Each structure stands twice: as structure tokens, then as C-alpha cells.
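To keep things simple, chains are lettered A, B, C, D, E and F as they appear, and every chain counts its residues starting from 1.
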């Protein structure tokens, strides 16, 4: 039986700032440049989620992508959309919201809610059309 | 010698409907929602095909992508473009045309026609800008 | 006071076929080619709607784009999405569903429902990434 | 002599919030929904600027688009990129940062700096892939 | 009867260089910068052509976009695709191949071949995703 | 500790021609078709570079993507942008500039300059929106 991957893409708009309070303001400015500006900036984030399994013989589906969209909405998008990633999101609290750290946190947020027969393969978060992070659960 | 992957993208426009005749109309409506509407709907499908090998030292090519396009045209696109995926396509007959099932069928359709030195690595079919299926031949 | 234009984009997936029953099958095949194939094909249609007015001084809005999206949903998208444009849509009945004819019909469908202070400027319907029709109400 | 239009596209990332302090918090929440959330959100804004003139016979240019990019950088992008549009931008001070209001402010910011032979024709600001505002100076 | 616009998009890949032989090499380097480098550079040009008329009542077409594509192929694309715009194109001979000059030349190349009932409204040539020229025949 | 991948995208515009001087002109024309035309053609090349490591606990970064952009600029983009890939680029000298050969050469050009803690995972070069090559260092 073939193993097929399916990918669902969702978007959200959020504010953030890169700032590590364990270091001085000078260190933060030098390290993060414009991304450290005090009054926040933001992005149209694009999140792609890829899961895999044998397609169900009755439906032809690896997973109903409407169900996957619903899980993403409940556990991720509704918590980050139009929010401040430094201040407003329970599962990102105390975390430096780099694209790298966010995507690992999203993985932990989604994976426990997937059906047991489904393997979460990849999550990709694009911050701009030129910058993105990918996580494979490794 | 390095192994390089090359990817060729093609498009086609087709109608389809998700409906499993082994189940009741109610089950189909509940399972597939709008995708089960009786008079078909359709998509601009985008198909990406990735093959790999050492580049030929004389041409610098893994494979002439014009030749790959020709194989895709002959064995896939000419059979599905502007067609109904439930009714018109010999190699999809009797199959529920989910993106997952279609991409596995496309793989079987293309692979026997590739030159022996070329490895088919990945086929990806996007149904919309938000939904896609990928198959790696596993 | 400045006049500003705002544009909202929505998508839908539909099946159709170009066929004029007043003419012979031969004429239809010759005139419409692949678009005349009997069992339908389909597209991911992208609809852009542009309206204009002075921005409201209290909201900064020409028009709440969520309200515009709602009007589009009610009067257009809910009637065409995952439908057959030849068979299923009351306001397209008896009409050859070329992109040109559809966009004029969409204009008539939307315009009466816009607030009186808002001018409908342009509607654009892309059938593929290479083909589109635009209507300005002229 | 022909009149040609040229368009230059630039991007910036900013935070903002829709909130009119002349009205109650309830009115703001009801009017602006998610866009009113207190701790800001943000976007990858895409700004397109179109200018027109006869092409210079020596250069073939309506305007050196590198010069236009420089003017955009100096008078707009350097002031809004990675900034908070409600708090940080002198020329937006006291203004509700709707896409409509921003694009009119951008026009006033750029136009005085264009060479006299060049006509500013259009400015377009996309907040997301689905929402945009356009201004023609009228 | 409504007037509808239809737009067809085509692509071609070409080399060029901005250099005005009436001026010194120094002037050219200063004026055109990298675009003056001696051994050419190139682009994936995207050409959009918009024409308008009342849709034909029998076909629903402003113009068969396959016919428009054929005219573009014959009179423009076959002459510029994979060519050097400074050296190889009869209708660009002796012309500085700025995007502005090219689009005006394309207009003159296409317009005489359009059916009399069709109005050529706009031609747009994008040199990159950030730079484009538009011509309206004025 | 999680391993995260980050991807940075850059663009450049270059001319090239596919021609193998060890073979006859006839062989070259037959093998490479339009890509062999004598006076060059060109592309807007899009280069994506993916690197991986554990994110730094202080910065949340796999690698500062501004630093990666700088390395790409110094070692690749400044040498190929607005250049002729057959004639102007030291590290491509004597090489047939197929997308496959270029991407392997880019890998060798970049890899020695990456910090030791960073693994270069993938480089992808798109020549057009339909053709691309990928290299994984194998």
C-alpha cells in the first residue's frame, strides 16, 4: 500500500519582536537589528503542515484536510492570529519568537491531536517570501 | 559524481467529484461535503515531477526537461486536461479521484516510461493553493 | 477628500463547459476546442472586486472588507463554489459560461447589494494564471 | 511621443492596530474585530508605485527605477519598516492606520519628491494577499 | 451591451543590455550601472495583453484567447524568446531595450493584427517581480 | 534538542547559453534547441538555500539569515548578477551552465564559508517558474 503525503496551508497575521531579556539592550540591538525595534513589527505568516499515511480505501484520504484545518485553527491559528507572539500566546510564553522556535512550538501544539494512524512529517513557517523555517520533529 | 534533482511543473484543468458508490448518498454527503455535489466541480491542477541522476557530462542535464514535459504530456496531461477525472480517464477508471489517489496513479503512469538511468523521486499534485498531495513511490 | 479604492479577493472551484446549443456539435467543437469536451472541466477561479469612496473618517474604511466578503459569499460564492456553472446557478441559467459572461453576471449580482455611498469600480475573474476577464460596468 | 507607466514594488513589515480613541472600547471591538486586539498584529505590506511620462530618449527610462526605489526608501520604507504604524511614524501620527489612510499618507509623502516631469499615477498597498487599497491622487 | 476586457499572459526569456552608443562608456556605466555590464544579462519577461469589446453573443468571447496567444506568438514571442534584444530582433533594431521602449514596440507589433472590432487597451511587461512597464497606446 | 531547517531566498538576473564546444554546431542545435541560440538569452534566477542546526538558545536562530544572505551575496550573487554565466564567472569557467551544473558549483562556492556548526542541507535554483534543479550535496 502506498504512503502519500498531504499538505495544508494556512495563514495568520501577528506582531512580534526579537528580544532576549537575559541580555543587555545593546546586545539585543546588535544581535537582532531591526527585528529588535521596541514597538513591535509583524508579518503575514504562512504555515504549511504535511502529514502522511496510507490513503483510506473508502475515502481516498490520508486525512480529511478540512479536519486538519480545524485542528490547526483550534490549537494554533485561533491563538496566534492578530496577536502579539511575545505577549499573548500561552504556548509561546517566555520564548524568543524566532521562526525557528515558533515552528517547534507549533509542532508540539499540533502533534498530540492528530489521529494515531497519521504521521506528522513536516511543518514549515514562512515569515516573509524570502525567509522560512522547517521542522521535521527530529 | 554529484546526484542532482530536477523538477518540471505542468498544469491542467479538470472536473471531478468525490463519491464512493459502495456507500449511501448520505454517507457520501457527510464524508465529502461540497466535494460530493452531484454536478461536478473542478480545479486548475498543478503537477510537479522531480527526477534525479548524475548530470550527463556532455549536456549538463539530469534529463532534458523538454523530454520530461513530452512524457508528461503523452502519458498524463493529454488524458486528463479539460476532462472529467471520474468519467473520462482510462487509468483512473473505478477510482475515487482524491488528490492522494490521483498522484499515485500518475506515478504508475509515468514511471515505466522514464529512461533507466533516471530515478523518479517525487510527484506533487496541488488541487488548490492550499491543498496538495505528494508521493515518493514508497 | 480623497477617493480610495479597495480590493477584496475570493476564490471558488467550479466546473463548466463552453457549448452553445443553438449551434451544431461540429460548430461547438471547432469554436471551443477542449473547452467543449462533453463531461465538463473546471477551474480554481479567482475573483477580485474593487470598490471606491472617500474613507469613513471614524473607521478609516472605504468599506469593511469583511462586509464585502460577506456580500460576495451570500450573492456569488455560495451559489457557484463546487458547482457546475452550466447547470447549478440560478443567475447564470441559459447563459454560455465564458469568463466574460460570468463576470458581467457577477456584477449584476453584487451591485444592488452595495451601500449607496460605495461605487463598484471593477470586477476581475481569472480562470487560470494566464487568462482573465475584467468588467467596469460600462 | 508615447506616455509609458512604470511600476516599482517594495515591501516592508510593520505592526499596527485599528483603534479610534474618540470612541468607546466596545465600539472599537465591534467595529474592528480582531484588528482591534490590544497588543498589535502585523503584516508583510507590499507597496506598488506607478509613475508615468514620456521615456527619456537618451536612457529609454520614464524614471530610473533605482532612483524611485531610493525615494521610496528615504521617504517611506525607512520610516515604517519594522515599526509600529500607530506609534512610531511621524507622518502617520494621530491617524487611524487603515490601509486606506496609509496609502493616502504615502502619496503625500512621496509626491513632492518626484521630478517635475514625472506624474505619480497610482499607489497600491496590499495588507494581505486578499486585501489591498489603491489611491490615484483624486 | 457591456464592454468586457480580457487579459492573456505569456512569457519569454531573453538577454539584453542597456547601452546608448551615442554616449561614452563612462556615461553608460554611470547611467545604467549593472544593466550596462558588457556581456549581457537576461530576464524571464512576463507580458500581459488586455483587449476589449462587447462579448460575441454566439461565443461569449471578447476574443478567442487562443487566437490572441497565436498572434502574440507569431508577431512577438517567436522573435524575442531565447534571443538577444539588442542584436536579434528586427523590430527592436537600433533601439535601447529598456522595458519602456520594448513595450511600445510590442504595441506597434501587435495592434495592426488585431481584428477591427477589438480595441487594444493595455500591454504590460514585467522584467522582474519588482519592475514593470505599462503602455496604453497614448 | 530539535534540529530546525531555515531557508533564505535570493534572486539574480543573468545571461547564458547552452553550448558544448567539444561537439559540432549541429549537435549543439539539436541537443539544446532554443537554449543554444548564439547571442545568449537570460533568466531571473531564484536561489533557495537551506541550512540546519539546533537553534542557538540565546538568539533562537539556526543562523542569522542576514549573515547567510551576506555570504550568498559575497560568494555567489555579486559574481553572477547581471553577468554572463558562460563568460564572466570565475567559478563557472569552462563549465556548461545548465541549471544542474550551476547549482553544484554554487554548493561548492558556499559550503566552505558556513560556520562549522551549520549543515548545508539543500540548494535549489529555479530558472523559470516551471524548471528547477536541486542539490543535496550527495
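Odds and ends about this structure:
Basically, a residue touches a chain if its C-beta (ideal position, glycine included) is under 8 Å from a C-beta of that chain, and two chains touch if they have at least 3 such contacts.
Since we're looking at a predicted model, the values are computed, not measured.
The chains that touch chain B as well as chain C do not exist here; no chain meets both. Interface repeat of E-F: among C-E, B-F or B-C, the matching pair is B-C, sharing over half of the residue-numbered contact pairs.
Interface note: chain C and chain E, two copies of one sequence, contact each other through mostly non-matching residue numbers (shared numbers fall below half of all numbers used). Each chain gets a centre from the mean of its Cα atoms; the one farthest from the centre of chain C is F. Put simply, the C-alpha centre of chain A and that of chain F have 28 angstrom between them. Chain A and chain C have Cα centroids lying 34 Å from one another. Chain contacts: chain D has residues 129 touching two or more partner chains. Each chain pair that touches appears in this list: A-B, A-D, A-F, B-C, B-F, C-D, C-E, D-E, E-F. Contact residues on chain B toward chain F in their complex (touch as defined above): 2-10, 50, 55, 58-62, 65-66. Chain F makes touch with chain B in their complex at residues 18, 20, 22-23, 31-33, 95-101, 103-104, 129-138. Listed in rising order, the residues of chain A touching chain D in the complex are 11, 13-16, 34-35, 37, 39-44, 81-84, 87-88, 128-129.
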